[in-house]
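There are two complexes below, and they share chain A, which is joined by chain B in the first and by chain C in the second.
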Partner chain A sequence: MTIKAIRAVATGQNGVGSFILQCKKLDFHYCDWAGSSKGMNGFIKSLLPKFATANPQVEFAISPRPGKHPVIIGHYINGRTKPICVRNLSPYEILKKAELLRDANGEQLKRHNRAVTSNKPSVRGIWSPYHGKGMVV
Partner chain B sequence: MKRAPLQRWGGQLLQARSRAAMAAPAARQPFAASLHRHASSAAATHSPADDIPAESLRSPLPSPRPNRAAESAKLAALHARLSLSNKIPLETLARALVVPSADVNASFNNSNLAFLGSTFINYHVLEYLAVKWPRLPMTILYEALRAYAGKESLHQIARRWGVEAAAAPGEEVDPGLLQWKPQESGLQTRWGYVRAEAVHFDRFEPRRGISSRVVMDDEFGDTLQAPKTGPEAFKFYQDEAYGSFVQAVVGSIYTHCGREATRDFVQSHILSRQIDLSSMFQFQLPTRELAMLCAREGFSSPIARLESETGRLSRTPVFVVGIYSGSEKLGEGSGPSLNIARWKASMNALKAWYMYSPGNKVRVPSDMFEEDAKPWKAPHIDIGEII
Partner chain C sequence: MPRIPRVRGLSSLQATIAPSCAANRTPFAARAALSTSARVQGKNTEWIRGKLWKGEAPGPADPYTQRMEPEEVSNLPAEAREVQSYAEYPTPEAVEQSRLVLPPRRTEAVTEKELQSLDPSYVPATELSGLEQIKPLQTWWQQPGHWGQESEFRGFAAGKVEDKSVVELYLRRAVIETLALQEAGLLNEWAAKKWPAGERAELDQTLAVEIVVQDGKATLKGDLSAITGRLTSEVEETELAERVSADEAQEIVKAWDASWKEVALNDHYLKFAIRKRVYQLTGRLIPDSKLGAARTAQHLLTLTVNPAKRGKKLAEVLETQSNLSALSNVKVHSRKVGPIDKEIAIGRWKVIEEELSKRGLPVTGTAGLAKNKERDWLSGRA
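And now, the complex of A and B:
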């Protein structure tokens, strides 16, 4: 037997085969007294129940933080967190922020200046129908 | 700060004393004790005031009570994140998170579900590998199976599902956290025989043929070994704990939703991962093996021919060598010397032989379970390895 095997571990990519939402927990902090939490309190009363039922894959935690500005903190599968301060925002603006945190993947924001990011970049570039022999548009 | 109620203090002291008296068998609970713990918890819910002393007398459970599963937000979120069917109750998912090293009682840990799940994972991965690459050598087949369904791979899958572990397992922790300890559970959870020479494994590595691995060893061709200690033990038991959760989830899907749901889950979460099989081969005598292959298949014996070269007298020469059998080209390789190029060409020719695949759309035997399945056409079966 001249063949030996080298150990390897299969690599997966989220979205290939199955998709796992990367946001696993959202913390909502509010203050009962402070004016900057007015919108947050309205959001928790009116919009949050519907938002939470629409997103069962996220764990929701609501807790008071007296004397502080209201904040939403997203916890992600890669171990990072993203806090957003939502002082003086209206309930619908806060809903936008919560959706932003839910849809984020937890990575630090990066500047993407290429159209395609690939593990195996093409040597010849990306084919375009409008160049070379040309296609009449 | 939280204040501990005074009546509990006495209870805690009593508990400490009773546990000290019990000493060693704290880790192992007999089955009768587990029955008793249900009785005591039921009594506590009925009349909490009367039962406080009795409640504080009993030793804490090794894992959360099953009836707390419905309260856990983490567990419900995990259930939804995996898009599990509503037929799978949260209690089952909570049980899948209890690893035998945390709670050795098989009525409350995931050992049964994990064993059931591991058989399904291994079956689906193995049938896919065997049909898709029918000529893979047995060693490569074992490693490919491990790459998909081994502990490291399943650990990564569990991490990407967002499973978190409890700092220490116990009755009071959230049931949505993985309950495990970096130690041997004492439960036999793997299939395999303990070899007669296992007592000498610390002194020398005995030679193991492939056939004996199939019969004696576990599903990846590894021998059963004594419990690990030292720095690598933590990683070993961590892989095992997270991996057993993935296996137990598959086992619970089979228990509650049936065969087809299990197959779909394994395909979408485990078989959808990628491995590069061609980088897993390690050849020792590629030229000799290729010559034997040609002799066995009745091809004329392989001849290496120099196809092109550049910079023979420079510091970085490149030779391109092709391996021919008669007029047919079997493989091509390049390297900084003539011998290396020839070896690489033989390796490429052998890989081309071993990695023959009938295509990406192969039918596996379990497809025949479908209702309107077409008649089975036997896949290509290879006659075996060369040397």
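And now, the complex of A and C:
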């Protein structure tokens, strides 16, 4: 089940609130025979136990896919999935990809040109003391 | 189309006299007579042709009525006549000498009239059951007598030996034989050739040769020339003699000193020859990748007796590892997770199954039905 946001205006909590990880599940697919899965098999054996222990809020599923390149698929609470092919990668490179998927929010990649993205941008812009007439104290 | 109804178009005299209908075909003699008359008719019209062309006229005298020379009439259908033209070529020598029973050449059957003159006792069949049944050429190799035991594949090695002491016995025989050939300087020449399997008496004779190993170097004591002579003689193929029984082999092996296994085998020719001979006698093949690392007869014996096992699958390894299976957020599948597994996981599969069986539809697969054709019809593909 995907989680959908409640259609209500969020009340500002001044940074006091719970953090919800957007990634809910990670699928690890490997092949027993193929050479491109060598790194993936090593990763599952050696690095995955630690990674899975460190991320108890994420569900991990490990299953073989014979005759296919190894792949990690991230499932997110917005209902989207992100697959990354990890063929011929070393275990540590695969760990980086797994971290990338864990930290992603599930949205499609977008270019952010500004520091702040607002739902209701101000018409007047940000106030500055150096512009206009200045204040008489 | 004739202008006046009920009146046929004007047909030529030739056509009316000799209808070309296949049902009442005229005999050859009658046709020949007609064609000569046509030629006579052509001579009568020569003068007008001469006037028209002002000289000698090209082409046949009468292109409309002149008949072609009658061809040889065959009762065979068109495709059979095509094949018959191939049959004129001689059979290749390799095919003639083949031990296989090949299908006979296609021949045309004699007609009933001709047959009656040849064989007066011939009575034509009046019912279907009276006719001889001939199986089609497609099933030629399935028919009895066409693919016998002599044509079946016979491997280089006979069945696999399971007992350890039997393997050891044949390994010693292979080592003695190869070392004997090496001493005689014949190994390089004979390593790649097939050696005769030999009888039981020959086995005993070979095993009677002693191997004395000193610092890895082996010296053979016994009648070596007999062994090399037997191996290098061109003997006709014989069936492999019955193998030594496990109990007997155990007794023979026990009597030997174990030091013979320390014989150093560093020569590639030697190792290759031993491996091949052991494979021929016991049906156990040492893999190439393992053979390179083997240095002594003991190594070869362990490789022959304990063949390489399949490596463990990752799911099997993870099962033994407790660190991953103990975690509550990790699920390890030993098998590919398919669409049905995904439906089962969310509890929807039983509903799907029920609904499909209610409608009389197959739960898995297509029940041998072809794929949807309507889409192809709509898109104009079919």
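Basically, the second predicted complex is superposed on the first by the 107 of 137 C-alpha atoms of A that agree within 3 Å, B and C clash if a C-alpha of one lies under 4 Å from a C-alpha of the other, contacts with A are read in each partner's own complex, and residues count from 1 in each chain.
In the analysis below, contacts are C-beta pairs under 8 Å (C-beta built on N, C-alpha and C of every residue); 3 or more make two chains touch, one makes a residue touch a chain.
Here the structure is a predicted model, which is why all the values come from computation and not from measurement.
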Tell me which partner A:Pro56 touches in the superposition: chain B (first), chain C (second), both or neither.
-> both
Once the shared chain is lined up, is A:Pro64 touching chain B (first), chain C (second), both, or neither of them?
-> second
With the two structures laid over each other on chain A, which partner does A:Pro121 touch: chain B (first), chain C (second), both, or neither?
-> neither
Examine A:Pro83 and indicate which partner it touches, taking first as chain B and second as chain C; both and neither are also allowed.
-> neither
Applying the touch criterion given at the start, work out whether A:Ser18 contacts chain B, chain C, both or neither, answering first, second, both or neither.
-> first
Of chain B and chain C, the partner touching more residues of chain A is B
Applying the touch criterion given at the start, work out whether A:Ala8 contacts chain B, chain C, both or neither, answering first, second, both or neither.
-> first
Shared chain A contacts, counted only where both chain B and chain C touch the same residue = 56-61
In the complex, go through chain B and note every residue touching chain A.
-> 73-74, 76-77, 79-83, 137, 139-140, 142-143, 146-148, 150, 152-153, 156-157, 159-162, 210, 267-269, 271-276, 279-286, 288-289, 385, 387
Please name which positions on chain A make contact with chain C in the complex.
-> 30, 32, 41, 44-45, 48-49, 52-53, 55-66
The chain A residues in contact with chain B across the complex are 1-14, 16-18, 20-21, 24-25, 56-61, 77
Can you name the residues of chain C that touch chain A in the complex?
-> 313-315, 317-318, 321, 323-324, 327-337
